């Protein structure tokens, strides 16, 4: 006999299996939580509360990857082995990058979640994304300096792929527009930022683009503020989840934020629905990703049934109204074009509010078309 | 010029943080021979207890006396957990090095996960006095007050530890015990009590590092202790196990090296240099800079 | 008087060097073979073990999990060559494993080499690295040795995190480019081949470790564990033998890395962390250092727990508990850490000692008849 | 054959071994006595290379071996036993001796051959075990041996290396009175043949007197005397050193 | 011999194994409630091991069997610091003063809560210690260190003192001083003394226990033993010269 059998999808009325692999524990657990809340709200919205597409129930299987790609790959293989044709999730970029090839090898649909790495875009035919990517952040950042020609731009980023990607994007986007881009890099494990703040200050940039994620962000901002960097130049960075706002401290009001999303950034039908559905009633950074993922899943099932190729076709070029507004899945590389925002923080202590300064449409913030790899 | 001053002072701030973590680690290793991988947990407990106290403990708060009270509470909590760990987990395993390593590794995993289960993985803003966010101008350099606070605290702790070792009876017992544990018992002294005490002190110093580290970073998160621990270990080994003064020297060396190399060299080189320093010191002097003597 | 010397692990008698005396004496040499055959035909079974595995034994998810467990069983057995059989406490063994993982990944993905070339180059490279670093680290002993190895491993971790030239992918890791791989190793339906690969790796490591332990050199290693001074006085250079053990263990670990990267389909910086290296120690001690099957069992069990606890944490059983219980229990690391601590107190000799500890119980149970 | 020239080992200010000059002729049996802590074991450690002297040299057959590591010295024919039995506790008695034989035969690193298959090594090991009368204990774990048996095993380990110079550190320590004669005869049988030289530390005076051609007396690290047993025993300083100072 | 009264300490069938060596093989003796009982025997016979076993300081891995009782109380298996607090004073063989600590600190370490330390008594015996209070103990001469080691123990009341070779390595003048001190100490507290210096033994000892090959070879009145040259010679291994011991 065969050493291994793969269960196949059942008949018409059989439930549709959807596997959700994301961080329930580990360092990104709170991103994961927003993602799943958003997903459930989105599913509710897209199925009009029935949880069914036609007469087929969407059967969710959730699994925790604890941020470890090895674990994510294991559960993804397990799900695929059990006949799951749609996998969504991936809170961290590492997980997204390693699950994407699995999807391609096994011809199942993979809808990556909050993972921001550009490398997921165009990873392969079966991989889509429901969130934004680093490039869109950087394009939004460019909108802060108007005419970039002969401006001096410094990127401050942590070592590693996240920093590399941001640096490369800034060089291409803002440098491409005529600015003079240089970079200051620091180890992600750094606890003392004075040397880097001094280097930045010495460079006297017109615009400082900061790409920093992790638990040391608070210390980093404080140091930049104390060394007078925030006062001397325009500083742009991504606005993280709401819980992190107080960690900016006094620096918060001096930074120009580019934002993927925050509560109140949009007022679409989807946003209202999501707000009504998520626990606590306040939307946050990654709720739209989960919401969009659910919308894409429902679309894929509606149009494709059990046929993954059809699902892919149905999604490519699809335009829909998400939490953030008009979204479009670019057919060439599966980038998700979506509105992006400029924001300001105001307030102090633990009570901060964010307000939109400007929004960019999906086309305005579109990343360049990536070569589809597989 | 003012870059050098700035780097020196902030490097010393970093050194102060390392020293606070390392001193307890070093004493515990010197006297009780315990390689304590759970030391980072004490730091986490101190930080979270301080954070908790300033929001919930009557009288405590982010400012003035309330802040002092919160820190005191944090330090006591760290110390209490350390004592508990010593009494319940370590004591039955004295002189079984490998088992101790396992237990403390297990404890560090479980403890950090527990903090995370209780307060979440995300960094939380740390309550702190406003002046700690400001800078002081020293010779033209804008030196963060939190760093200065760390330096002051480390100097106070160093002084207090030395005074404790030098002038108090238990300090005497610890110094004697590092030299010859057996003879201390032969004088009718229960040396295990000194072990417990050393854990209490180590826990308190680590908790203080946690609380002041919280001020310095502005946030508190469950993994904070772990990432400092590896450098603290390096400091302990370079300084010589059991030597408080050795730890102080080593902490300064490591802090300054990291800071200057990070500025003048490329990023990440500072960490590599520190590890290189460790390897060189160990190959040349396996017992560390100061050997194994509790200096007074 | 308070010598900071590392204890040799609890002296376990290496099976290879002592004559067996049990009833099964005649059968014993064949038991490993039987175990191997059973493990090899396992994927043909559709047995369902609810609660233990998500699906039947032959489902891809289960085989994937088992494959990872087997690799770590082999890794632990290789580490035991250092710790349990030679008495060297290295805190940096994960480095050679990581070298295997990243080496293969980079050579295949970035340099585009065929798998077999990449694998050979990686194992040779990992072994050389172990030989070089071992030659330096072995100039120290005891805790100092542990710390130097830890420091080297830390350098590895920093280099991976820094992502020089975009080679390692930093914190995002580096997915393996499968386009050049043999098709039999790609795709969920081929998970069974990865399982067999992992099994083969484990079998090879166990074979190597046992052959080496039973060889003249193994005799010297066992002697080193008991009394290094004595070995020197007998006319053998302890340094040379320790270096051979260190290099061999490093080579086995990097081979494990090659297999692991194929199974997981990529490299991620988790595997360079000092936690992994400490976990190796835990696996070996959990299983029983210096015993034939202890480290393998320890490695398999550890990895099984590590992977399954995430499912346990989010299971209904845990979620229905009151919050003060369910919150910590849903943290896999909390459970894992607690298991270590309990294991130290309740299985002082590791799993391998369970048999001898159970014997009195079993005889007591049998007696009433 | 073996000689030390001004051998000194200091820790800080204290000289543990203090300028020792010794000469050992082929076939000679030299007893070393002295109070606990006199530095006897330390002297052995310096001669066998486990410690590096602060000053002085060790000569074997006239060649300076001071800089050689222990295993090189052992290959030149220097063998020793340890004061606290140092056998390989987790190996069987037979494996212990085979290891010693194997060490003596040297050869390259053999990783894949089965150790047990080497018949020559096995035969030589059995011969050594026979010689000390431990043959019947071959399969026992060395760690479980009685102290007297361990002492014999130590000697078997030594024998297996066919040393030309043997250093015995308190071979009778911990051996009960009844077993002493047997062990003495074993040691005697080793030295009868072959022009092998022996240096033996021992606290049992009767044993020393029975075996030794000459006796060296150590005190506070220094060699007080080194002469024939009769002369040494009559020496007043030695009496003092050994029994304590007179007032 | 104070046969009428109860012994302050009785040792029965004490066996000690260390690192596989069977060092004590069933030692039994008693310590009289007054005077000085000396424990004699050749070097390395196990005297120190006996004392350490009594105070519970057998090294790790060592194994102790038998019984040791002080009055009705069994001492084995009780932690050392408890025994010491119950009045068992121990002065170890190599003095073991804490070299990095000052003399005053060494003394302070021996103080106990709730007990007034008898500094005047100690300083009366050893005025030197008062004068050198701030000197580091490591820099004291051997004799001064010995004074410190004894003085440290005398700060508290003791029911029995165990003193191991207090005159070892000391100059003759200092030996006399130490002997005098011990003589005065013994007036108030019984002492179990290990001593190799027969002159000191002669001066102090009331009872004697002789060890040989890990067992008790002789017990009885000390004077009786010392008068019998032949007996001393056979028991202690080396003849005590012509029987002339200067006192």
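When the chains are written out, they are named A, B, C, D and E in that same order, and each has its own residue count from 1.
One rule holds in what follows: a residue touches a chain if its C-beta (ideal position, glycine included) is under 8 Å from a C-beta of that chain, and two chains touch if they have at least 3 such contacts.
The shown structure was predicted, so the numbers you read here are calculated from the model rather than taken from an experiment.
Under the contact definition, subunit D and subunit E share no contacting chain.
When chain centres are defined as mean Cα coordinates, D lies farthest from subunit B.
Look at where the CA atoms of subunit A average out and do the same for subunit C: the two points lie 36 Å apart. One finds 44 Å separating the Cα centroids of subunit B and subunit E. Rounded to whole angstrom units, the spacing between the C-alpha centres of subunit C and subunit E is 54.
Put simply, the C-alpha centre of subunit C and that of subunit D have 42 angstrom between them. Subunit C has residues 158, 161-162, 330-333 in contact with two or more other chains. Multi-chain contact residues, meaning those touching two or more other chains, do not occur anywhere in subunit E.
Among the residues of subunit D, those touching two or more other chains are numbered 143.
Looking at which chains touch one another, you get A-B, A-C, B-C, B-E, C-D, D-E. The touching residues of subunit C, when paired with subunit D in their complex, are 11-14, 17-19, 211-212, 214-220, 222-223, 225-227, 229-238, 240-241, 244, 248, 290. Those residues of subunit C that touch subunit A in the complex are listed here as 43-44, 46, 54-55, 58-65, 68, 158, 161-163, 166, 169-179, 186-189, 191-192, 264-266, 268-270, 307, 310-311, 313-314, 330-333.
Residue ranges on subunit B touching subunit C, taken from their complex, read 29-31, 33, 35, 37, 89, 92-93, 96-99, 101-103, 105-114, 116-118, 178-182, 230, 233-234, 237, 241, 267-268, 271-272, 275, 278-279, 282-283, 286, 292.
By the touch criterion given at the top, residues 17-23, 25, 42-45, 48, 93-94, 165, 167-170, 172, 175-176, 179, 195-200, 212-215, 236-241, 245-247 of subunit E touch subunit D in their complex.
Of all the residues in subunit D, the ones that touch subunit E in their complex are 33-37, 84-85, 143, 145-148, 150, 170, 173-177, 180, 203-206, 220, 233, 236, 239, 242-247.
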